[in-house]
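Below are structures written as structure tokens.
In the two complexes that follow, chain A is the common piece, with chain B as its partner first and chain C second.
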Partner chain A sequence: MKKFLQLGLGVVTAVGGFVDIGNLVTSGITGARFGASLTWAIIIGTIGMTVYAEMAGRVSAVGGRTVFHAVRERLGVRTALVNMIASGLLNLLTLAAELGGVALVLQLVTGVNYLIWVPIVAAVMWLAIWRLPFTWLENLFGVLGLALIVFVVALFKLPTDWHGLWQQTWHPRVPNGEGHPTYFFYAVSLFGACLVPYQVVFFSSGGREEKWSPGSVTEMRMNSLIGFPLGGLLSIAIMFAAVPVLQPRGVDVAHLGQVALPVTQALGVTGLAIALLGFFAATFAAGAECALSTGYLISQYFGWPWGKMHRPAAAPQFHLVCLAAVIAATGFILTTIDPVTVTLVSVVLGAAAVPLTYFPVLIVANDRDYMGDRVNRRLSNTLGTLFLVVMLVTSLATLPLLFITKAGL
Partner chain B sequence: MTRKAATRKATSLMWANEGLLDRLLIGIDGEDVGMVDNLEFSDATPASGAASGAAEPELTALLCGPLAFGPRLGGRIGTWWTAIGRRLRPDGDPAPNRIPIQLVRRISHRGVELAVPATELPNRRVFDWARSRVVDKIPGSGA
Partner chain C sequence: MRCWAVVTCRVIVIALLSVLTSCVSPAIDSAGYRDKVGHAAEKMTGIIGSAQLAAEQDLAGKAFGTYADQVISDAEQDAQSVVGQLDSVQPPDEASITLRNQADDVLQNAAGQLSDLRIAQRRGDKAGMRQSLKDLSDSLAKVQQLQDSA
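Moving on to the complex of A and B:
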């Protein structure tokens, strides 16, 4: 029974861990502007995330390699260094977006300007990283993040046109009045929100934190193969809920509060409160994971001791990096730059940087010396390679789209 | 079995790039100690006037830290990296941190496993600095 509960908790945590500020913002914006015509981007992104998370988890449990050990081993010092710097900077941008997200939720609840909240949120987040045991950090917020299911409930309360959503999902076309570049820019943003690089770094390092062994592969598979697709479904629910409420009024989502409007309309203040709790948990957890990931990837590149399985005094460089990351991201978001814009830019640049992290995972997952009989099978390799091609194409298209559309305006 | 592994098994040879360079150094206590950044071999050129013939070059130490890592990067960034590393040394000694090959217990799929704990190795300056200057000053560091 205990085993069963533990498995359930892992899955729940994966669901909560999947959704972060990127998914909230992009799903809200696209639902209001494009209806369900971009659902395919979430579906593809979620499948890609699931395939690679399973692979990274397996490499961590069986091969004993976390993502950035594999990066350094397989890409050579120079490429790996560039990779580390790019991924680290991207993490900072994402962390800034998550900090802004938590602060915006607090502004919605208290009416106090989010800029006042940013330093407080950052301090609490760092304290959580410093003091909370790893499993607490992961499970507590994962479970609270499930409050986002309120969007699914709202869908059934709202005058949802299921047939129309189904039609738009499987026969997508660019809505009237929207250009193709804008449409594909938002497709990239949804794709990037599902495939953020820090998640796979965190998933593989988290496996070491929880002392995964080759025997943990089944548990890890449950988490990734059930948890992440359910997280994808939540993102789709957030998008769909926006369609009957925001799209007819032509609301241009520019604030996190607007993403919660459909829930308020369907379920009133109680619904809003639950949705905001979900927003808070998802963004706070993602922020902490992002800061930890920055510590993981830099420490792993240099071979420093890392992780929360150590006392801070036994992994000082790791904790120094985490602290510096929180401070830098706080400084960035305090420049009064719009957190929603930071979110959009971070997921889109994330989509461009994804192959950097995912490619070495695919290579090591194929190494029989490390993986033994847990080496990649044909299914993982076919899907993995297919997604790598999709990611490369996306990656090349990202910057032109970003400039042509001026970040989706 | 991969082709590379087959070659290695047949000849019991090992390639630097495959089993040593950029592999994790693991102390006997299981702690991550650093990365193998560079390798040191004994000088194979016979000293002038040496009585015997040329000696075989032999792997004498694994090198780690910025002074070993900078040259691997190459170019201007590598030079900078090395220069910063040198300035960080208390005595200005330009030689990188050495881990004598005698301290290597075995080379496994996990990495290079050493016969000594992390605390007995020379590459602890950044660790000690981060610990004594920052981490230990914050309450709850577990020091």
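Moving on to the complex of A and C:
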């Protein structure tokens, strides 16, 4: 029974942990603007994330290697340094977006300007990273993030045109008045929101924190193969909920508060409160994961002791990097740059950077020296290679699309 | 090796020039100006829609005050930004100046009504909110007319 509960908790945590500020913002924007015609981008992104998370988790459990160990071993010290700097900067951008997201939720609840909340949220986040045990940090906010299921409930209360959503999903086309570059820019943003590199780094390092062994592969697979797709469904629900409420009024989502309007319309104050709780938990958890991921990847590159499995005094560099990441992201968001814009830029740049993180995982997952008989099978390799090609194409298209569309305008 | 260095330098220079030139707004003609007015009207339609939705939810007791206030305040700021952005564009000819005056009138009016709605909402003035919503509906029709004509 305890084992069953543990498995269930892992799945629930993966569902809640999948959604972050990137998914909230991009799903809200695209649902209001493009209807369900970009659902395919979430589906592809979620499958890609699931395939690579399973691989990274297996490498962690069987090979005892985290993603960044693999990057350093397989790409060499110099290339890995470039990779580490790029991933670290991207993490900082994402962390700034998450901090801003938590502060915006608090502004929606209290009416106090989000800039006042940012340093307070940062201090609490750092304290949580410093003091809370890893499993608490992971499970508590993961479970609270499940509050976002309220979007699924809202869909059934709203006058949802299921047939229309189905048609738009399976026969997608660019809506009238929208250009192809803009359509594909937002497809990239949805794709990037599903495949954020920090999540894979966190997932594999988390495996080491939880002392995964070859016997933990089933648990890890449940988390990735069930949890992440269900998380993808939450993103789709947020997108779909915007269609009957925001699209008919031509609302162009530019603020986090607008993402909750469909839930409020369907379920009133209770629904709104639950949605905001979900926003808070998802962004806070993602922020903490992002700060930890920065600590993981830098410590793993330099070979320092890392992780919350050590007492802070035994891994001082790791905790210092986490603290520095939180301070830097706080400073960045306090420049008054719009958190929603930061989110959009971070997910799009994330889409450009994903092959750097994912390629070494595919290589190590095929190495018999590390993996023994748990190397990738044909299906994993076919899917992994296919998604790597998709990631490369996306990566090459990202910056031109960013400039051509002026970030989706 | 030297050849690679030259190619790399050229690619960097071209990339920098592309970025720099994309930051400068090109001079626009009459059709381009009409497009900008149409785009501003389209944006304003969505902004009004967002504020109306939040205000209606607040009046129906579906949303708590701070939330509705924030969504309406955001809409008000977005509306002022749309007006400011259009004002910053130089109309290229006489016809565009006429269109600008017409658009400015409609968009300024809508932005003002969003301010009225925000003030009424913060004061808890339900009657004032209903009146602002009614005014905003009229404004929305004019904005949509502007969008169609531009």
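General remarks:
Everything that follows uses one rule, which is that the second predicted complex is superposed on the first by the 409 of 409 C-alpha atoms of A that agree within 3 Å, B and C clash if a C-alpha of one lies under 4 Å from a C-alpha of the other, contacts with A are read in each partner's own complex, and residues count from 1 in each chain.
One rule holds in what follows: a residue touches a chain if its C-beta (ideal position, glycine included) is under 8 Å from a C-beta of that chain, and two chains touch if they have at least 3 such contacts.
Model, not experiment: these values are computed from the prediction.
The superposed arrangement places chain B and chain C next to each other on chain A without a clash. Legend: residue contacts after superposition of the two complexes on their common chain; A:K308 is shown touching neither chain B nor chain C. Touch criterion met: A:Y370 reaches chain B, while chain C stays clear of it.
Contact with chain C, but none with chain B, is seen for A:G250 once the two complexes are overlaid on the shared chain. Using the contact criterion defined above for the overlaid structures, shared-chain residue A:F403 touches chain C, although it does not reach chain B.
After overlaying the two complexes on the shared chain, residue contacts for A:R208 are found with neither chain B nor chain C. In the superposition on chain A, contact is made by A:P316 with chain B only, not with chain C. One geometric descriptor of the composite model is the angle centred on chain A: between the Cα centres of chain B and chain C it reads 130 degrees, in steps of 10. By the touch criterion stated above, A:V109 is placed in contact with chain C alone, chain B being left untouched.
The gap separating chain B from chain C at its narrowest, counted between C-alpha atoms of the superposed chains, is 14 angstrom. Those residues of chain A that touch chain B in the complex are listed here as 63-64, 69, 72-73, 76-78, 80-81, 130-131, 299, 301-306, 311-314, 316-317, 319-320, 323, 367-370. Residues of chain A touching chain C in their complex: 32, 107-111, 245-246, 249-252, 254-255, 257-258, 260-261, 264-265, 268-269, 272-273, 276, 403, 406.
Of all residues in chain C, only 18-19, 22, 42-43, 45-47, 49-50, 52-54, 57, 60-67, 69-71, 74, 78 touch chain A in the complex they form. Across the complex, chain B meets chain A through its residues 1-2, 5, 22-25, 31-35, 37, 64, 69, 72-74, 109-110, 118, 126-127, 130-131, 134-136, 138, 140-143.
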